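See the structures that follow.
Below are two complexes that have chain A in common, paired first with chain B and then with chain C.
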Partner chain A sequence: MSVLTDKNAGKTALLMGNEALVRGALEAGVRVAAGYPGTPSSDIIENLAKVADERNIYVEWSVNEKVSLEVAAAGSFAGLRSLCVMKQNGVNVASDFLLHLALSGTRAGMVLIPCDDPGSISSVNEGESRHFARLVEVPLLEPGNFQEAREMVRWAFELSEQFRTLVMVRSVTRLSHASGNVTLGELPESDTKAYFRFDGNLLDAQTGPVITAPVPMRHANQQKKLKQIAEVFETSKFNTYTGPEKPELLIITSSACSLYSVEAVSLLKLEDRVGILKLGTTWPLPEKLVKSHITKAGAVLFVEEVLPFLEENVKVLALDSIEETGIKKYYGKINGTIPSVNEMNPDHVIKALTSIIGVEYSGMPADYEQKANIAMFTKAPARELTFCPGCPHRASFWSIHNSLAMDNRDGFVCGDIGCYTMAILGAGFNSIKTAHAMGSGTGIASGFGKLGMFGMEQPVVSVCGDSTFFHAGMPPLVNAIHNGSDMLMIILDNRGTAMTGFQPHPGLEVDAMGNRADATDIAEVCRALGATVVTSDPFDIAGTQEKLMDTIENGKGARVMILRQICALSPEKKGKKQYEVTVDTSLCRGTDCGCDRLCTRVFRCPGLVWNKAGGHAQIDEIICAGCGVCTDICPAGAIKRSEVTK
Partner chain B sequence: MQLAGSKELVSGVIKNDLCIGCGACVSLCPYFKSHNGKTVMLFQCSRDKGRCFAYCPRVEVDLDGISQYIYGRPYGTEAMGNYITIRSSRAGAAAGLKTFQTAGTVSSLMMFALGKGVIDSAVVTARDGVKGKPVVVTDASKIPGYAATGYSAAPVASGFNEAMNAGYKKIGIVGTPCQVNAVAQIRTNPMETENFTDPSGMVIGLFCTWALDTGAFLKILRDKTDIASIKRYDIPPPPAGVMKVQSGSGTVDIPLTEIRGAIPGSCSYCHDMTAEFADISVGVFEGREKLNILITRTRRGEELVQAAISAGFLEAETLGDKDISELAAASMNKKKRALARLALENKINSAEGISVLRMNGEILKQLETM
Partner chain C sequence: MKDPYNVIITGVGGQGNVLAARILGNIMAAKGCNVTIGETFGASQRGGSVMSHLRISAKTVFSPQIPKGQADLVVALEPAESIRVMAGYGNMNVKVLSNTRSIYPVGVICGEQNYPAIEEIKESLSGLCGEMHFIPATDEAVKLGHAILGNVMMIGAVAGLGVLPFDESDFEKVMAGYVSGTKMAVNLKAFEKGREMVKNK
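And now, the complex of A and B:
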């Protein structure tokens, strides 16, 4: 049995932050959970899916974040506690509905967990979800440790139900993906029947229709709720203060940054000079609490990730109450004491403290960083950011690159988000020249494809993953078709949301809970939309290249090409080699004129290694996934493959 | 000859509008490809010396070295290069040709050479609309299918590389002077490969004053005719001043002044009108409908022509002095224009960097003042 459904309340267990968040939701009796995969949030929905049967929960991977929020809202409207999960930039996608949901209000407790990724460890942006709480006017909680993660989510449902508003609980990578001790609470038994009531008064969202009109009334109502919630926050146990009664310096912090602050203060032995106000309820601010601490402090330092959210809110508050709090010096991101981009860590806090307080501290020897860098480049084996051995994307981009190069009109690829984003780099032969949000490559390509009237002759190609196609790829394709844009959309269909761990999507015959589902055929969808569709197996290099050349040279209007091949790491494929591959060293041309190490210098599948002493390529049998593609690229026919007999 | 690699080839030739798309650098390795008459490099190669550079007829062409190899003497001042006999000719009845460009001399000779085993393979040019593509033929009866010429510059020399890759040892090839010069360089073994033997069996050169860039040519044709159904196109003798293009939608006349817009810049650096390093060179006998001019330059070339005449594959007569001097004048004209341009742009015998041509400075001076 999973610890997530352990009925022994009071027991302490080691949980990952995301598991603690899940446990909190289970303890709150969550019934409906929806989300879209995105690191570091994905394992929340995955863990819920695992216990869906046991805890009688409906769990889904939705087509995108906006739809996931809508699906979860339906649960709340029908009287079931519901949860929605996404990564930071997912909130941008969901934000339109979020704005309206804040206005209409919710019924049964509804919680949104956005997981931010400071330092963009697994992202192509450093987005901040906290501002959405202020922007759409809903309460925001930020757990500072694993225990709080569990307790806060549970409490968030109660708060949501009490005030009939969505509550945001924001996590960050270092909380979601680290582990700590959590004491478990009770798991409730509940069999609430879902029923959507709408017979009540038009103005009462609890019994009547759930709408946003009349807007001024609902807007005022939401603001009133926030004032009341702020009162509740004044006494929340999630806001804690440690330090002297009148600190020289007050650190105001939240989330994982509170741990860095505690560590820094303790390392510098400043416990009797510096106080730490850790806020768990960060919007709306518990104003009285914050003011009283500022009043007693000599100066204030904000430690937070990513944007100066607390800093700005507290400064506005301090200015409004300057007679009470007095004129204080404020340090943070705005005056540059704390870096304004990238992850926070204890070193940054130590640096800030030593510069403000004037104490000396050298945690690391001065030349540590330099030595570490030298060691990294000389001692550790070089590992480039690349596709896995046997990855279909390498084969796809090989053909895309070569076709565009042959065409010789400076064609280019507009990309978006997925493993294939790496095609910006050598891994994908530097093919991608624009990369932004999900589906944006195709939207940008749709625009480029209309610039022929201004003399643009460059072929325009976009790439989009299968999951991305459903998420945000269809509208730009429809746009390109309707507006007669000359572009080719290549759908890299590797049968799953590979980058985040093979979550299913609507193109597959399985749902989040592992049940059989109806699959939507991408090719049929594109055809029905009005695009010409060609399908190819990217492992068939010659065939794919021929089809690509034909459409790049002769195609007009919006066209779709589907390159379909299962991801090398997919559970279906993993560990199974299709081919046994070897290099006939007598045929290998190596660095001679006629090859110059095409396989290990350019193609660079990690399964191929250069034997410098022997002057030939060879296969690393352990790493090689047996896709057999390198056989087709070798100009000397030196790479031999034989089908593995099953 | 100064050897370099693909980097210098790309920067010095391809990016410099000197590439004629001859294909000599293609089919050697995975990097250079020819597409629609243009030569492109797919990925960078890190070698500092390579066959791509060594074979290219637009960079570091050592005229004396090649002449020494083929004729056993340095490059001279003759307008049409070294030769044995100049004749007028046409295909003989034994060849049974139905279509050809001028008078079928080239196709007859190729058929004959392949049939007699003088060559073990023949590199000729297949046409797809206006695009040309080399094919390696080993069956003599297939040769007539590739008769008649396209005016687009085609990667014919890559066909020679392909025939070498396939292991042929007596390769026959028909090409324009640039393509013939590429093949001549291949034959001199510039990379000094061990156990090298000259893989050519017979090189037939076509006279050429200019070719057309496939892409630019297509652009001109696009709104004048149905490109997909183009069957044939000819330039009738002066004073017509037009190109006649026959397609499924009928025949259109396109003014030569317009067609000239599609001549690649590279042709203006070409000093060779008569394919001076071929075994046999063939062209149009201007003003004499249905006759070729046929120049034999090497012993094996002359032997082939004589045998073809005996076998009824060729009909030929020695060309009169007046016609020879007219041809020489045209040939010298092209040579001097190109040499002047090369000299002006410091692309011949340049002391620094890479040069298009290298030759004896004295001979160059004499040519310039002739």
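And now, the complex of A and C:
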């Protein structure tokens, strides 16, 4: 049995932050959960899906974040506690509905968990979701450790239900993807029937239609709720202070940064001089609590990640109440004491504290550091990110790159977010030349494809994954078709949301809970929209390049090519080799003439190794996935493949 | 046990680093310790370096990131990765436990970079740590039937070092949550082999 559904309240277990958030939702009796995959948030919906039957929950991977928030809202409107989960930039996608939902209000408890990724460890941006809470005027909580992650989500549902507003619980990578001890609470039994009531007064959001009009009235009402919530926050147990009565320096912090702050103060032995105000309720601020701590402090340091959210909000409060709090020196991101970008760690806090207080600290002697750095640069070769052995993307970009090169008109590829983003690197032969948001490659290509009237003759290609196609790829394709843009959209269909762990999408015959689902055929959709559609298997290098050359040279308007081959890491494929691959060393020319190691120098599959001593290529049996594509790359025919008999 | 006891498990994406950290973390949590594991994944399946930070304390919850120069034990599933870790977290007391099986970065595969001989790695490392143990975990694991058992051997070797208070029965209790009965025997064999390999040095 999963610890997530363990009925032994009081038991302590090691849980990942995301699991602790899930446990909190289960303890709150969540009935509806929806999201769109994105690191570091994906495990939340995945874990809920695993226990969906056992706990009687409806769980779905929605087509995108905005729809997931709408699906979850329906649960709340029908009287069921509902949860919505996404990564930081997902909140941007959902934000239009979020704005309206804040205004209309909710019914049964509804919680949105955005997981931010400070330092963009698994992102192509360093977005900040906390500002959305202030922007759309909903309350915001930030757990500071694993135990709080469980307790806070549970409480967030109660708070949401009490005030009939969405509540945001913001996590970060170092909480979501870290693990710690969590003591479990009670799991409730509930059999609430779903019913959407709409027969009440037009102005009563709890019994009448759920709408945002009349806007000034509802807007004022939401602001009144926030004032009441701020009062509740004043006494929340999630706001804690440790340190002397009158600290020389007060650290105001939240989230994982509170753990870094505690550790830094402890390593510097400053417990008697520096106090730490850890806020769990970060919007609206518990103003009286914050003011009283500032008043007693000599100076203030803000320790937080991404944007100076706490810093700006507290400074506005401090200015408004300067007669009470007094004139204080404030340190943080704005004056450069804390780095304005990238994630935090204990060392950043140590550096800030030593510069403010003037104490000495060295975690690593200078001579050791120098010696260790020299060893690293000379003995630990850098690990460039690359596509996995057997990855269809390597084969796809090999053909795309070669076709554009042979066309010889400086054609280029506009990309977006997925494993294939790595084609900005050597892994994908540096093919991608623009990379932004989900679906943006195709939107940008739609724009480039209209610039022929200004003399632009370069072929324009976009790439888009199969899950991305449904998420944000269709509108720009429709746009390109309708406006007669000359571009080729290549859909890299590897049968799943591969990068985040094979979550299903509308193109597959399975849903989040593992039930059979109707699949939407990408090729049929594109044809119905009016595009010409060509499909190919990227592992068929010759066939794919022929089709690509034809459509790049002769095609006009918006065209679609679907390169379909299942991801090498997908559960159905992983560990199964289609081919046994070997190198005939008598045929391999190596560096001597001709190809100059085309296979290991350019194709660069981790399964193909350059044997320096022997002067030939060789297959690494453990790494090779057996896709057999390198056989078609070798101009000398030295790489042999034979079908594995099962 | 020093408090907190800071362990780094390092390796390359796909080696099972995260699971190894989870198993060791669960063993110590079951012994009543506060355990924090900081994991870095996402790009981890694409050939990059992967590190897990384990903070083990009898007192309180520590942050998921070990401060600079503060590692107590480095478990390297891949030998060159042990050197990379030293630049951020090493010190002259740290113990290093390393697998001997190399995984070449793409730059090495394609002949642009050199991968040092294992003797060079040992020589560099000897000036950067308190003690080091190199064990052929992957090679021995392949003999037992699967390369991934190398990680269990490394955990067995941690027990063999005697730096953390756990034994085979603690390991078995935690592993029962991960593998079925029939696979337990080979995992116990791997654990024992790892323990022996550092003890018999």
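Structural remarks
By definition in this document, the second predicted complex is superposed on the first by the 636 of 646 C-alpha atoms of A that agree within 3 Å, B and C clash if a C-alpha of one lies under 4 Å from a C-alpha of the other, contacts with A are read in each partner's own complex, and residues count from 1 in each chain.
As a convention for this text, a residue touches a chain if its C-beta (ideal position, glycine included) is under 8 Å from a C-beta of that chain, and two chains touch if they have at least 3 such contacts.
Please read these numbers as outputs of a predicted model, since none were measured by experiment.
When both complexes are overlaid on chain A, the residue A:K379 reaches chain C alone and has no touch with chain B.
Once the two complexes are overlaid on the shared chain, A:Y368 sits against chain C while remaining clear of chain B.
A simple residue count on chain A separates chain B from chain C, and the partner touching more is C.
When the shared chain is aligned, no partner comes close enough to touch A:E572: not chain B, not chain C. Once the two complexes are laid over each other on the shared chain, residue contacts for A:D204 go to neither chain B nor chain C. Contact with both chain B and chain C is seen for A:R601 once the two complexes are overlaid on the shared chain. In the superposition on chain A, contact of A:D584 is made with neither chain B nor chain C.
Looking at the shared chain after the overlay, A:F429 reaches chain B, while chain C stays out of its contact range. By the touch criterion defined above, A:D53 lies against neither chain B nor chain C after alignment on the C-alpha atoms of chain A.
Applying the stated contact rule after C-alpha superposition, one finds that A:P635 touches chain B and leaves chain C untouched. In the superposition on the C-alpha atoms of chain A, the part of chain A touched by chain B in one complex and by chain C in the other spans residues 601. Residues of chain C touching chain A in their complex: 12, 14, 22, 25-26, 29, 34-43, 45-49, 61-65, 67-70, 80-81, 83-84, 86-87, 90-92, 103-111, 113-116, 120-121, 124-125, 127-128, 147. The touching residues of chain A, when paired with chain B in their complex, are 401-402, 405-408, 429, 591, 593-596, 598, 601-602, 633, 635. Within the complex formed with chain C, the residues of chain A that make contact are 12-14, 39-40, 121-122, 145-147, 174-175, 177-181, 256, 259-260, 262-264, 267, 345-347, 350, 363-364, 368-369, 371-373, 375-376, 378-388, 419, 422, 426-427, 569, 597, 600-601, 604, 606, 608-610, 612, 620, 622-623.
Contacts from chain B toward chain A in the complex involve residues 28-31, 33, 35-36, 38, 40-43, 45-47, 49-52, 191.
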